[in-house]
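These are the structures in question, set out in turn.
Both of the next two complexes hold chain A, though its partner changes from chain B to chain C.
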Partner chain A sequence: MSTIAALVRKDLRLELRTRESVPAMALFSVTTFVVFHFGLDRSSVAGDLASGVLWVTLLFAAMLGINRLFVAEREQGGFDGFLLAPVDRTALLISKALALFAFLVAVELVAVPAFVVLLLGPSPSGALPELLGILLLADAGIAIIGTLASALAVQTAARDLIAPLLALPLLIPVVIAAARATTPLLLESGAESVALRWPVTLGLYDMVFALLAYAVFDFLLED
Partner chain B sequence: MTDPSAPAVELEDACRDYGERPALRDVSLSLETGRTLVVFGPNGAGKTTLLRVLATLLRPHAGTVRVLGSVLPREGWAVRGRIGFLGHEPLLYRDLSGRENLRYHAQLHKVDEGRVEALLDRVQMKARADDPVRTLSRGMVQRLAVCRAVLHDPELLLLDEPLGNLDPAAAGLVEPLIGRSGGATRVVTSHDPAGGLEQADLALGLRDGHVVLLEPASGVGSAEVGALYA
Partner chain C sequence: MYGKGLRPLSLATCLTLTAAFALVFFYAPLDADQGFIQKIFYVHVPMAIVALLGFVAGAVMAIGHLRTGDRRWDMRSYVAIHVSLILGVGVLVTGAIWAKASWGHWWVWDEPTLVSFLIVFLLYATYQPLRFSIEDPERQARYASVFAITAGAFVPLNFLAVRLAESLAHPRVLSATGGALPGDMRLTFLVSLAGMGLLFVTLWKYEMASKHASAQLRALRRKLGGEERAATGRSAAPQAPLPIRQAS
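What follows is the complex of A and B.
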């Protein structure tokens, strides 16, 4: 646990110093909502359209963070420094997923209010706990799958291309489940209850990929 | 199981390739505990590859490699943490300060943070310890990299041209940490025949990944080493 804590602290400290990921992801999200606002030629959206706009935007914003997740390790010798230490290699997987999760939460603190102000018709205030739960479940999936894809992509010369190509197909089920779960919360007529199968699907998908990542991550660090 | 009486480093016909290109070919040698092996050879001879194989960062593709009694890569977990590696890259994050970098590595190696302060003092980097690494000169970064490599008091030091960026005064500061007087077993690469032989017990010459010289340093002349670069 102390190793994971040290790794996460280092990642958060680096992000605070360089501001390479979170500000770019947040700015991208807000800009995309503005583009949707004018592109759809509608002052407000609701229901499945609102849910789709929110999740597609968050997904592409996440790709910016996923692309940069292992760059410092690759370019500044972080991988070697870590591999020389007598620690469980899985600690790197867990710490990177936690860091990405923290980045996503930070981005959503800006992006979701911006979405409500710029695009969303109905107020989501009555369904905040449910919305928060779905956001966190989906963030966990994006963090796990994103970390796995980023670790694979960073070993290649074309990592900016490879990471989205690997991550996006694997993240489609997360976006589908998250969007379906969010739709009833953003209805024009007021929030309705969420069908349980979508949060359960998200949770199971997160778990499957967490186990898969745990099983293969050691091999990704081999030369 | 590791054998404490085994040589610190032992290679038998070790090979390593990069794709189709051989980087190390049938390298065999044995280095006793507490001794220094100095590796000579022109650029691309395989010196850095040899160090990275010994550091568990690269897998040997053939042959046997034993480090501190453990067979690599199978028992690499047993020797990580007993090796200090100083390569061409300092393995420090540029946007963190020297102190933050060393504390991070101290946490990975479960080393008390007091050791960080002691080392910063030893290499006279306390005054700049809170500056981001990217703002430091190459020599200062190298001093911090030496601190990182010896932070956990390793039994085996793998040093790739360790004094390359250091002026004589700075070289004098790090000498007690990575020099012969430290007592650790050392594998050091060098392009300086006279200086290298002076600190070597065993001299290894590599060319195109092949061993072309392997003798006790006392029986090797500078001219013989210099011929490797001809």
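What follows is the complex of A and C.
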């Protein structure tokens, strides 16, 4: 437990000092909203279109973080240092997933208000708790799958290409469930309730992939 | 070792596939609804089932590799996924032809089975680039196995998720509700399925035998002291581990 805390602290401190990932991801999402404004030629979106724009943007912003997640470990000998320490290797998986989760939450603190101001037609204030819940559930899924894909890709020669190619298909079920769950919250006619099966799908998918990542992660570190 | 039994197996595959096609064209009745084009179903569906099972088999073999550390399991897993990918192209093409004929479009998005298959196919299309870009063969085998296991578990999950999301328009032949295939159609379908399964096993064995033979050839060359010929082109395929009678 203290290992995980130490590793997360290291990642967050590194991010606070270098500011490598989160500002870039936040800037990327805001820019993407502008691109969507011109690409769709609309000044406001609602319903399924709004939920699609939001999730596609968040997903691609997450890709930036996923690409960079293990880079410092690889280039500056973090893997070696970690492998030399007498600690459980799963700690690295959990701490990286937590760090990515924290990055995603930080990005959404900027990106979601920016989305509401720039593009969203109806106000989501009535459905805030549901929206937050879905965001957190989807973030957990992106964090787990992103960490696994990033760990798979970081040792390859074409890291920046492989990570998104691996992560995107694996994340399609997350996008399906998150986008479907968000759609009724952003309707022009006011928020409607979310069908329960989407949050349940998200939660189950997160859980299955957490177990799967836990089972296979050790093999990515052996050297 | 992989060459053993190849001839009877190939013969059995040829016979079963020929019988399947004969049944398809001369025995199975024309579908009242779709007519002749429905017969593509006897190729499309068995191919899809066999390809998906091949992906899952690849995952099981990858588990074998991670558990035992035996690189031959990695090669088996690689070959299974490779053959399944080739069948996957066939599934997408025949599916598109069927969709064009019966719905008038080459691609139909509200059809969960086809869409899930595409997602699975796109994921597995990353398998070879992933192998390609890892130099160290031991690490390549390990990472490929991790990928194969993750993707193998993703196959059923993805089908569930996409099916939840879409309407249920795909003809589901063997499910509880749509399983009302008349007897002669069912027989034809099962023979086609058996033929396609045999085809998969045969192709798998052929590729394994070829990989094994070339590894043996390499070892013999090395034993003779001849100069090692440079490998022609890079390959993502795993190198077969040296056979037992290797030069010391």
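Operating definition for what follows: the second predicted complex is superposed on the first by the 223 of 223 C-alpha atoms of A that agree within 3 Å, B and C clash if a C-alpha of one lies under 4 Å from a C-alpha of the other, contacts with A are read in each partner's own complex, and residues count from 1 in each chain.
One rule holds for everything that comes next: a contact is a pair of C-beta atoms (placed from the backbone, for glycine too) under 8 Å apart; a residue touches a chain by one contact, two chains touch by 3 or more.
The shown structure was predicted, so the numbers you read here are calculated from the model rather than taken from an experiment.
Novice: Who does A:L212 touch here: chain B (first), chain C (second), both, or neither?
Specialist: Second partner only.
Novice: Report for A:E222: first if it touches chain B alone, second if chain C alone, otherwise both or neither.
Specialist: After superposition on chain A, A:E222 lies in contact with both partners, chain B and chain C.
Novice: Kindly classify A:A157 by the partners it touches after superposition: chain B alone (first), chain C alone (second), both, or neither?
Specialist: It touches chain C, and chain B stays clear.
Novice: With the two structures laid over each other on chain A, which partner does A:A177 touch: chain B (first), chain C (second), both, or neither?
Specialist: The second partner, chain C, only.
Novice: Counting touched residues of chain A, say whether chain B or chain C comes out ahead.
Specialist: C
Novice: Please work out whether A:L118 is in contact with chain B alone, chain C alone, both, or neither, and reply first, second, both or neither.
Specialist: It touches nothing on chain B or chain C.
Novice: If we overlay the two complexes on their shared chain A, which of chain B and chain C does A:L27 touch? Say first, second, both or neither.
Specialist: Touch partners of A:L27: none, neither chain B nor chain C.
Novice: By the touch definition at the top of the document, which applies to A:V110: first (chain B), second (chain C), both, or neither?
Specialist: neither
Novice: One more residue to check, A:L187. First (chain B), second (chain C), both or neither?
Specialist: Neither partner.
Novice: Which residues would you name on chain A as touching chain B in one complex and chain C in the other?
Specialist: The overlap between the chain B and chain C interfaces on chain A comprises residues 222-223.
Novice: Okay, in this complex, where on chain B does chain A touch?
Specialist: Interface residues on chain B, with respect to chain A: 55-59, 77, 80-81, 83, 85, 87, 89-96, 100, 104-105, 107-110, 132, 148.
Novice: If you look only at chain A, which of its residues touch chain C in the complex?
Specialist: Touching chain C from chain A are residues 148, 152-153, 155-158, 161-162, 165-166, 168-170, 172-173, 176-177, 180, 197, 201, 205, 208, 212, 215-216, 219-220, 222-223.
Novice: Considering only the defined contacts, which chain A positions touch chain B in the complex?
Specialist: That would be residues 2-3, 6, 9-10, 13-14, 17-18, 72, 76-78, 80-87, 222-223 of chain A.
Novice: Chain A touches which residues of chain C in the complex?
Specialist: For chain C paired with chain A, touching residues are 66, 119-120, 122-123, 126, 129-130, 132-135, 139, 142-143, 145-147, 149-150, 153-154, 157-158, 161-162, 164-165.
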